[in-house]
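Structure first, commentary second.
Chain naming follows the written order as A, B, C and D, and within any one chain the residues start at number 1.
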Amino acid sequence: MFERKASPRWGMVIDLDRCTACQGCVTACQAENNVPPPTAEGAAQGRSIRWMDLVPNVEGEYPRVKARLLPRPCMHCDNPPCIKVCPVGATTKGEDGIVIQVHARCIGCRYCTNACPYTLRYFNWYEPAWPEELGLALNPDVSVRPKGVVEKCTFCHHRLQKARDRARAEGRELEAGEYVPACAEACPTQAIAFGDLDDPSSEVAALARSTRVFRLLEDLGTEPKVFYLREG
Amino acid sequence: MTSSRRDFLKTVSGAAAAAGCAPLLSCRARAAARAKRAEPPPKGSPESWIVSTCGACPGGCGIRARLVAGRLVGIAGNPLHPVNRGGLCPLGLAGAHALYHPDRVRGPLVRSGAGGSGELRPATWDEALALVTGRLRDLRERGLSHTVALVDGTRGLSRQVAARFLASYGSPHHLGGRPWNDLGPSAPLRAMQGVETAAVHDVENAAFILAFGSGWLEGAASPVGAARAYGIARRGRRSGRVRVVHVEPRLSTSAARADEWIPIVPGTEGTLALGLMHMVLREGLESREFIEEWSSGFEPLRAIVLRDFDPETVSERTGVPVATIIRVARHFASTRPAVAIGDARNGPGAQSPATAIAIHALNAVVGAIHARGGVLVPPEPPLDPLPAAPADEVAARGRSFPAISAPDRAGGDLSALQAWLEGGGAHPVYLLMSYGSDPIAALGGGERVRAALRRVPFLVSFASFLDETARHADVVLPDHVYLERWQDDPTCTPRGFPVLGLRRPVLAPRHDTRHAAEVLAQLARGVGGPAGEGFPWRDFVDVVRLSVRGLHRSGRGALFDVPDAEAWVVTMETNGWRASAFGSFDEFWDGLKARGGWWDPLYDFGERGRVLRTPSRRFEFAPLAGALEEHAPRGKAALMAAAAVPASYPLRLHLYPLLAAFGDSQGPLPWVQDVLGREIGESWSTWVELAPSDAAALRIEEGARVKVESAWGSVEARARIYPGVRPGVAAMSMGPGGAEGGTCRRALVAQAGALAALAPGRAGSARADTWVRVRRA
Amino acid sequence: MSVRAEEQLFPAPFDEPERAPALAPGGEGREPEDEALLRPVLHTTWRFWAIGAVLGAVALWGANAYLVQFRWGLGVTGLNRPNYWGIYITNFVFFIGISHAGTLISAILRIARAEWRRSITRSAEVITVLVIFFGIGNILIDMGRPDRLLNVLRHGRFQSPLLWDVVSVSTYLTGSTIYLFLPLIPDIAILRDRTAGIRHRLYRLLALGWRGTPRQHRILEVLISIMAVVVIPIAVSVHTVVSFVFAMTIQPMWHSAIFGPYFVVGAIFSGIAALILAMAVIRSVYGLHDYLREIHFNYLGVLLLIMSLLWSYFTFGEYLVTFYGSEPVHMAVWWSKIAGPFAPAFWTMVACCLVVPFVVLCNRRTRTVKGTVLASVTVIIGMWLERWTIVVPSLSSPRLPGAAASYFPTWVEWSIFAGCVAAFTLLYMVFTKVFPIVSIWEIREGREAAVLQVVERVRSYLPPGAAEGRAP
Amino acid sequence: MSPRPTAEASALLAALCLACGSEVKQPIAYDHRLHVGKLELACDLCHETSSGGEVAGLPPLSTCATCHQEANGPSPEEKKVVEAVQASREIPWARLYELPRHVYFTHRRHVAVARIACERCHGEMRQQTRPPPAALRSLGMNDCLECHRERGASRECATCHR
């Protein structure tokens, strides 16, 4: 029925030389994925949910100080440590390499959050809430998570499904650029490239071959599908 | 950790006394504070997209609003808009929260308590309008129309409508109250080029950027536009990667993104610029062509700079090593094109005009004026002017009074207003309207500013949120938020191309609010006389339609289109053809609505007359030379004296902008609040950054509660030890201002208050010379 | 530990000769001797009710705290990102560790035929069975969605070490319960014959028709032996997989190969301490000085000392290896324990688990009841801190910056902890009111048969020559 | 905020409960057999977005009005339709199928792309003379999975759950 070529391997390349650390990606993600508005208390307790986060790292001493600000989505590892430990299979890696959380099955044991060396999985400590009318801005494509489950970046998987449905209904293949996560779409400097890493003609594949490329905690063997291009 | 332990002890002791239900009760209180769970619109609801223009800050980005089941469920960038090309910053992306914000003003408010008490009660539009109209009519009839002032934070037609209102009514006091990153007339352009517009820096084409002051990326007039240009200059062009050197007392985001960060003593950027100029001149690296053919009055400046600004002196004053000055000067002058960027902000913490002029002069010396990769002067879009405002003798008389305005001061009109109200004015102000502006917050807030504003017996605010001014107002006539109104948004791209964005409602107004420009027209009609006749239009859309006819008629430029179409327009226009067939005006109008606006991707480097409007038709170095000459008798000694450290306040206060803290026209949005100081891990608090050595000397630990005190006041903050702060400097971020209270408001506001407390009413000069001390609270 | 080693280690006689009971089979006249063991079951004082009420109140308070958490979510705890696990997981490991008191120790002693075990096995086994519930309970308390517990059965994935725990712990619970129940049967039968009414009916049901025939005895002995053998590997597996929950991740100072044995040693260590404490309490509350004698504490004290040294050896190895590896990520955690925010907990742990037990227990004069109890109390505290300093610091120092937040439990977590301890103690008390806490029939058996057997056995150790020839 | 442990508790219940709850009462006893069976009207004539949309949709009054401007027969139920049409009053049809919030299903994918017959999931609606009080076929996740297995469609969690 659905004749398929080899499945794409979705990946992301973040060019730190372009990035201005504006955090547009962070807010774009929160708006797209119905992340509940953070509160002062939650922020003080380290409970703000940011699927896409800006990770600050300041090194050195005055005046030779270097600050690196890394936009950090889920790495969507090819060898994800989180999946191995889930007792109920609530987190899975799809054929196209996207690591997904099934909120309806998650039992909230938070083993995956601890197994993730990037600490990029988040937990719903309370029932998510929206002050008064703010909840009207919720995106219908993404479910609102209940309390007590883990959530994480999905590479805006719902956008992939919508794009793929559209392409199928029109009887064609998914085109490059048709599926882009909210963070990449919102980036003012186009520092975030997204596409099929296995497609040699794609922009991400080309960028991932750059000499500037590195990945986070590469030595752990998690094989992240998010690549960074260093400055300079 | 300590706080949670304290909580624990508190709870345990309380619990020991109480019965078993105590914890349930305490949680119920928490529940009341928390809001309800919400659900997205039902699945399968039809969706639509509306193209509009963001209004969260003056950046002028294009947006697409996603509507499902009558709800605004998302905002994305408009990929056709030449300013942002689909990109957006956190403020723009959180726009839906501005629309649905719980703190919005839901209808007209009228003061119920004593003046300045901030007690307001809901009223009907009829009542509120009658109140204001009555006052206006009364003043006009008594020949006091000149005692009415209007602080205006808008631009484009909204500004013209306000100007019309005042012209027909009879008041000369049309004051600028721009948000602090708005593109406004730039002081150096006015002084040295005789041009009353903003300067833009062609970052996209520059090979070397020397940025002075705080955050040229996060504090830019259009943060997204600047970021986009930066991205292109770094990696998006064939001509190679731009090199960026950033001069600032603090390792800001911009500084972190630069190739080199030069920590400098706050407020001495102008001195450094002159020191660099000294090296450029001494090594003969200046642009002789520009100096000889385009400028006048250079020789006196050369003499002063060569005499007073040798690297040793400058190094001592600015704290920048001599070797760095020499190296950067050589690099700057020998790389083409290179551009020096000053701090575009206005308001508290802005660079002084003298500094801006020095930096502009540095650009001129290397020929980076009106040149590719240099400082550009964007042309105005060819809009049709509104017909002349009718006036009678009352209006004429009123307008003949001297105006409260000081366009060449850094704080701009608002500080002039403050001075005027504090007793320096020729006559009292009996009625003040704040329109698209929050003058109290823009002046830094604080008791002194509030007291000055309280001298105005009748204060009218058009705020959508209960900002500081609105809280003190006698009548609040709430405006729509930008997602609910029609508006034009004239701006430009970093390459100097004029842009006219069209803002249109994405949803019907949620609350009982009215378009402020239409309310002004209504007030005018209520007053009667020529003022009433000046507004024959049904609504503001008609005004916009009238104005954009000029674009249609000119045949210049093009509707927004994909990036590839730009080359086509340029080719056609440079060959003298019309690039676009707009068709009829209605088709053009529909195109504007569908694409989001109009632009003209052409910058004519030939038209010198447009950018040099001084009497000599040349670039004038004289203003800078003149300013320096004033200090000349004292020479080096004067320069050195300023660096003395007051004994009781050993730290300089450095105020820096945060991108997400823009937009004083809306309430703080939780998502935006949460990303505020991410680089240092602070978001919902007021914090002060100290260098590790200073903190050690003061025995202040990371995260300690401290008091920051200046000669004028003090404020509490959390101490953060940050190696990216120059020793001897206390760095604080600029909040957007606004009042306390409300659902989502938090310490962000306190940050703005901090400035007020530390340097009350000293807008514009706060950064250079506010000295503080920090001690444990 | 072989049988021989065991007996060489404990050269003291099994019982002081002058107190040794007559070897004649039990008869009417002997009854009063063991009446002390039945007294707690048959007579209850007001003190029991008073202490029970206090413990019950604390337990209810803990239950109330849990209800608060259930209603509002785990937000009422001090947990955060990156400290996703805290006191509940600490308690889980701690309680499961304590559970090694009973079954494992009792089984080992049984297999080793250490005769002094007879009066202590029951109290140890009860600790095991009861405390496992609280171990499992803390996992449930820690779950964000306890209502989805069944997902673990419906969708369980065996790749997850958490599933190994589920299997292992539930097997252990089953095994331990059987292992507790089997030796109870003869005692239940005694109670059946001594009671009337509803209690009688209960005991009759539980006694499974025990009449004490030699055949029944034989079957019981066989079953107990089988269970004793079976339960040891299960017990070892339990704490091994508990450690695997941590060791299977790549978190710094969790991902360690020695975690399995390290945890098992720690578990036995804390288990013995808990047992000593329980014995001391029973002994003084129910006046069982004749049954739980100095010698028992002495022997267990020696065992505790051995475990303390073994545990210290593992700890030393673990920390030294990490230090020499000097991986920055590991060192961040290492330093946070040695000299950082977790240093107070860490050094208290060292004091409680090594310094105090070593000083007290290695000296024969201080290895008294009081001395061993003191050491046990510190060991229990120290081992809780050990679990704490394993669970929390690794999470508090994540690899990537930007997620640093400190963790300290809230009143809800402390209340639940207190509730667990109180409920456990209460259940233990109730057990002593329903069943004899010292095995009556095993004591009798010891009196009647064991001494002869031991004499026989000891003889079998010795070279046959001289002794054989000069038979009396 | 109310605690909802039981409401959304159950992955167990929620997954199985496509058409749970009490009986659904329709405002008018619509006769599917007459319209679909006898008159051979296509399903998507009334359920307009059933082939290309996310949800199948319920017919707006205008759809009924194409035939029911005036009574075509004596049926009392039809009289209600005609009255509604004449009064321009939308008929408040009740939804029979409610997906749990975390399940994402589109008719487009199943009808337009996969060409699955309506009966496969909805049962023999064409045989119904009265509106059924509950879904004819009660669908659970296993039904979805079975069909996906048969047809070789994706069985990844993320295909339906977000």
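Going forward, a contact is a pair of C-beta atoms (placed from the backbone, for glycine too) under 8 Å apart; a residue touches a chain by one contact, two chains touch by 3 or more.
Quick caveat: nothing in here was measured; it's all calculated off a predicted structure.
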Winner on C-beta contact pairs when A-B is weighed against A-C: A-B
Innermost chain by mean C-alpha position: A
Averaged-CA centre spacing for the pair chain B and chain A, given as whole angstrom: 32
Centre-to-centre distance between chain C and chain A (centres being mean Cα positions), rounded to whole Å: 45
Between chain D and chain B, distance of the C-alpha-averaged centres to the nearest whole Å: 54
Mean-CA-position distance for chain C and chain B (Å): 68
Residue numbers of chain B (touch at least two other chains): 31, 34-37, 39, 43, 678, 681
In chain D, residues with contacts to at least two other chains: 1, 3, 11, 101, 104
Junction residues of chain A - those touching two or more other chains: 54, 56, 89, 105, 126-127, 129, 141-144, 146
Residue numbers on chain A that touch chain B, as the complex places them: 15, 17-24, 26-28, 30-32, 34-35, 37-40, 43-44, 48, 50, 54, 56, 58, 60-63, 65-69, 126-144, 182, 185-191, 231-232
In the complex, chain B residues that touch chain A: 34-43, 45, 47, 68-69, 71-77, 84, 86-90, 92-94, 96-97, 99-102, 217-218, 223-224, 227-228, 230-232, 234-236, 241, 251, 253-257, 259, 261, 263, 510, 659-660, 669-675, 678-681, 683-684, 691-693, 722-727, 743-744, 746-747
Of chain D, residues touching chain B in the complex: 1, 49, 53-55, 57, 99, 101, 104
Partner chain A, residues of chain C touching it in the complex: 72-75, 78-85, 139, 142-145, 148-149, 151-152, 154-157, 159-163, 166, 245, 248-251, 395, 398-405
Touch list for chain A against partner chain C, complex: 45-47, 53-57, 72, 81, 84-90, 105-111, 113-115, 117-119, 122-127, 146-150, 216-217, 220
